[in-house]
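Structure in structure tokens, see below.
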Amino acid sequence: MDLGTIFGIVAGLALIVGAMFLGGSLSIFVNVPGMMIVGGGTVAATLITFPIGDVFRAFTSAWQVLRQPRRDPNDVIKIMLRLTNLSRQQGLLALANIKTPNRFLQKAAQLIADGAEEEMIRNTLRIEIESLKHRHAIGHDVFRKMGTFAPAFGMLGTLIGLVQMLQKISDPSSLGPAMAVALLTTFYGSLMASLFFLPIAGKLKARTEQEVLTLEIIFEGAIGILENNNPLIVYEKLSSFIAPTRRVQMSMKALRST
Amino acid sequence: MDLGTIFGIVAGLALIVGAMFLGGSLSIFVNVPGMMIVGGGTVAATLITFPIGDVFRAFTSAWQVLRQPRRDPNDVIKIMLRLTNLSRQQGLLALANIKTPNRFLQKAAQLIADGAEEEMIRNTLRIEIESLKHRHAIGHDVFRKMGTFAPAFGMLGTLIGLVQMLQKISDPSSLGPAMAVALLTTFYGSLMASLFFLPIAGKLKARTEQEVLTLEIIFEGAIGILENNNPLIVYEKLSSFIAPTRRVQMSMKALRST
Amino acid sequence: MDLGTIFGIVAGLALIVGAMFLGGSLSIFVNVPGMMIVGGGTVAATLITFPIGDVFRAFTSAWQVLRQPRRDPNDVIKIMLRLTNLSRQQGLLALANIKTPNRFLQKAAQLIADGAEEEMIRNTLRIEIESLKHRHAIGHDVFRKMGTFAPAFGMLGTLIGLVQMLQKISDPSSLGPAMAVALLTTFYGSLMASLFFLPIAGKLKARTEQEVLTLEIIFEGAIGILENNNPLIVYEKLSSFIAPTRRVQMSMKALRST
Amino acid sequence: MDLGTIFGIVAGLALIVGAMFLGGSLSIFVNVPGMMIVGGGTVAATLITFPIGDVFRAFTSAWQVLRQPRRDPNDVIKIMLRLTNLSRQQGLLALANIKTPNRFLQKAAQLIADGAEEEMIRNTLRIEIESLKHRHAIGHDVFRKMGTFAPAFGMLGTLIGLVQMLQKISDPSSLGPAMAVALLTTFYGSLMASLFFLPIAGKLKARTEQEVLTLEIIFEGAIGILENNNPLIVYEKLSSFIAPTRRVQMSMKALRST
Amino acid sequence: MDLGTIFGIVAGLALIVGAMFLGGSLSIFVNVPGMMIVGGGTVAATLITFPIGDVFRAFTSAWQVLRQPRRDPNDVIKIMLRLTNLSRQQGLLALANIKTPNRFLQKAAQLIADGAEEEMIRNTLRIEIESLKHRHAIGHDVFRKMGTFAPAFGMLGTLIGLVQMLQKISDPSSLGPAMAVALLTTFYGSLMASLFFLPIAGKLKARTEQEVLTLEIIFEGAIGILENNNPLIVYEKLSSFIAPTRRVQMSMKALRST
């Protein structure tokens, strides 16, 4: 479970609601038609902008991102070193039998075991990586666009409220509360954008970068296996992807016996 | 028919009109001169910005995008595998006789059957893909620019209204309704941008990306045929373009008999 | 003559002026000091931003763009096919005698006839294309920057007007008209940006892209001549630059006898 | 210690506080709930946007940047020249014994001494450089995003204040002070963005660029050692990274005896 | 002396000051604390954003840009042709004796005369060009960031003024002048950005592009000398960098005797 996200949303909402409460009643911030304009308008514009399947996938992947733990890239390096040793001791064919939940690693191992040419393997794995980047980028884009539509529909709601208020200006005493209601949609739109849509787009982007890092390590490791590099060389190359302070140092012996 | 787009526009408009209705009469939101400034100004600025043919094509292609169904990239992979088998069994010349509504695939098959060099085929097909991307990008750009011109002319209309209102401030009771009318053009401009122009630009972009995906699969498939790869290798490469969860798995037997 | 541009400017101005007229007198929208701040300030900031020669060239090229007709890229393809046939029948030296108003094509033909190496010809022609793109990009940039300076000086003018108005607030009845005058500079700046500077920057960009398309066709055609490709191959490559629906189909016979 | 940063923050705050003081009491600018909305909301949105580890690292690296002195790239060049001479006199193996606090240089020397292939060394060092750029870019991004969240939550706080004020408009005399309080959150948000978050993001970016420059010099120097270039050639290449006016000129003799 | 810059600043200021004068007294636009907030705040934020040396260099290079005349790229081509002839007649060693104030040309000639390999020369000169681009880009960035900080601190000053004004709303007659004073900082910030910082950033960028053009011509000319091209070929390549209408045509004889 991604605690930062949960904490951020709860703490952010608590601060906002607390500030409302200090100034009086919470009920003056509730306006159902306003919520419908902002929420509904944002959803409507999003459904026009993106194919419905992309919107659905963006939300399911956001949900998964919150639930799945981050993977330590050091573990991926360890796995690639193990495969390097395996292939040097038992030949490339041994890679055909490995079991891993990571589809990309499975595919890479299968292609190597099948004896495909290096050029072709490089090509196929790069297409996998680029396609994943592209698909995930659509997910961020869905939330980022929702983060621009929400304030836009908030402003549209405020304009509707202002026009209605200004048309019946005869009673000046009602001016204040009417304007307060008109401003609520701007408030809803900005709150949704600043506390949900834009931050979640950011978190999805961070997760994609981390996932791509894993794929890049597997990619470079697979190339190392194909070129029959020794584990030390492979370790030096793969550990370059990680910040020096977070690298798991490995002794020569450990490298050979992983 | 693209249901998401239809639903989005209908639902978005229904919410906005409903909110207007709740606050009183709809008629206070109708101002024909204001509509002319925003709609006409946006069209005028668009005709200065783009060659008239580009504007025309942007609208016809938006219309086609709404009418045509999305194509499943798995089908394109299946076709490329069939051609791979065909060329391995009957030679490259057999590709000269295939019939397909896809002009790009037809051209690729024709070039292969004509015995053109791989370098030249790569070059020609890449020019096709890049030219299509470039032409479609103009289409998105037309709608994106309309999405920035509409609010700009909305603000110009509001400025005109404000200047006229402030000049005859003598009667304070008419101030409110006059300002309401002045705000209407801002409302029109923002509504057109947020519910039509910007979302449609987004949908066109999504469709282009899907179409380019099809072309990339055909391109890589054609290269595979030229390099006489076996169907398994071609399948592994082409399926990399699709998300793992949406790939149609194919058995070895199926691969050989497509 | 570029009719879209003329029509857009005339129609846009007509709509704006019409809306002013409907609301009363046109004269309330005329404020000579305000026009001087916005127009003069925009010109001043542009002269600081760009070397004076670049500003001058931007305006002359904008003028030329409006006057020159668009060229059909199919015609350029036809010319390149004719040169391909010529060089295959009479040798590369025959290209030395061709006459064409297109300086780029003239240079390409001259270099081929002079027997320069392919690498060197590629290099020289690519420098020509990139330099043209770069020079034209400065032209768009002049108008785009003017489109950001105009509203900025409009806002500066409004701030000056507001400060002057607020200092002598003693007479409340003069408040409205004074504020109307202050708003005029914002109106001028936005109108100039939305109806002139930004759209003209867009049109210049569209023309550049079309001109670059012509150069790219000549470039690829020249490479085809150097590599002694047959006209069919050259036609297939060059026609890839054009949208399928707009390509002029050519029979084999036509290809050989152009 | 980075004096510019300290001076900038102190001077900027002094000017702002001085301006507050000139206009009366400082206490009217203190509003604890407003500070909590802006500060807390910014932190909350940041924790949703970024993995918590990235936020933590951004702040620690900002702190380090302020404390560490800038390194003169001329010193790095001198070190690389010394290593060049060392390897030419005693062979590549001699590089195994060097001691340096710079992990990147240590790794490069180790790889060369281990006799790894040039292609593999290039690859590994480039991954190191790109990974560092990528990790540091996340640090800038944390501060840049905080610089957009702070004004957004400032505006949300002002909207909350305005709605509360407009609901109890009955007492017109309290309108002014209530609006003053509402505006405070916008003030807090803008001040935090303009004087802290955005400038610190800029300083982090400048430091990254300087650090990358060091790595690029080491990279090119290592390649020079691998290709057994003479010190003069290496000096000419490495000094190209530095502005001509800041290069330390070295005589032939100095080059050979570093 | 760059007359466009001088003229632009003088004319822009004259227009603004004229407009102030027409509306009454100039003195109402002078507010020393406001100037300190905007000017001082901008300087403070800039010193946090950039290392102090970079800020200093940005201003000195801006000053130099205004004082130095633009160089005609045709002259650079002529020099490169002269060197081409020199090296063809007297050998590459002759380049060791040339004298030129241009450090880049001096370095290129020295490297050629020293007999360095083409790959190494290309590499070194490209590093020089890219480093210069990078260093100059920091200079533009300093002014561009000042152009965003100035309006930001202008708005902060206005917020401070508004809060102070709203707190002592008891005397309505002082409301107008107080608000006028509050608006002044926004005016200062926008004026500084629109008439100084942003245009000067643009002019620095234009000068960098011109300087880079000179370096690119020298680079391509040096490569031509290394590859022992004849002057005609070198002329054709180098003249491609210049707009056709501004090229100095050279006869064959002139080419050989430069």
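A few remarks follow.
The first chain written gets the first letter, and so on, giving A, B, C, D and E; residue counts start at 1 in each chain.
Here is the rule we use: a residue touches a chain if its C-beta (ideal position, glycine included) is under 8 Å from a C-beta of that chain, and two chains touch if they have at least 3 such contacts.
Please read all numbers here as calculations on a predicted model, not as lab measurements.
Any chain bridging subunit C and subunit E, meaning touching each of them, is missing here; the list is empty.
Relative orientation of subunit B with respect to subunit E corresponds to a rotation of 145°, obtained by superposing CA atoms and rounded to a multiple of 5.
Our note on geometry: subunit C versus subunit D, Cα centroid distance of 39 Å, whole angstroms. Centres computed as Cα averages put subunit A at a distance of 24 Å from subunit B.
The set of subunit B residues that touch two or more partner chains is empty. Think of the chains as beads on a loop: from subunit A toward subunit B, the beads read A, B, C, E, D.
Those residues of subunit C whose C-beta lies close enough to touch subunit B in the complex are 2-5, 7-9, 11-12, 15-16, 18-20, 22-24, 28-29, 70, 173, 175-177, 179-180, 183-184, 186-187, 190-191, 193-196, 198-200, 202-203, 206, 209-210, 220, 229, 232-233, 236-237, 240-244.
Looking at the complex, you find that subunit A touches subunit B at residues 33-34, 36-37, 40-41, 43-52, 54-55, 103, 107, 111, 114, 116, 120, 123-125, 127-128, 131-132, 134-135, 138, 145, 149, 152-153, 155-157, 159-170.
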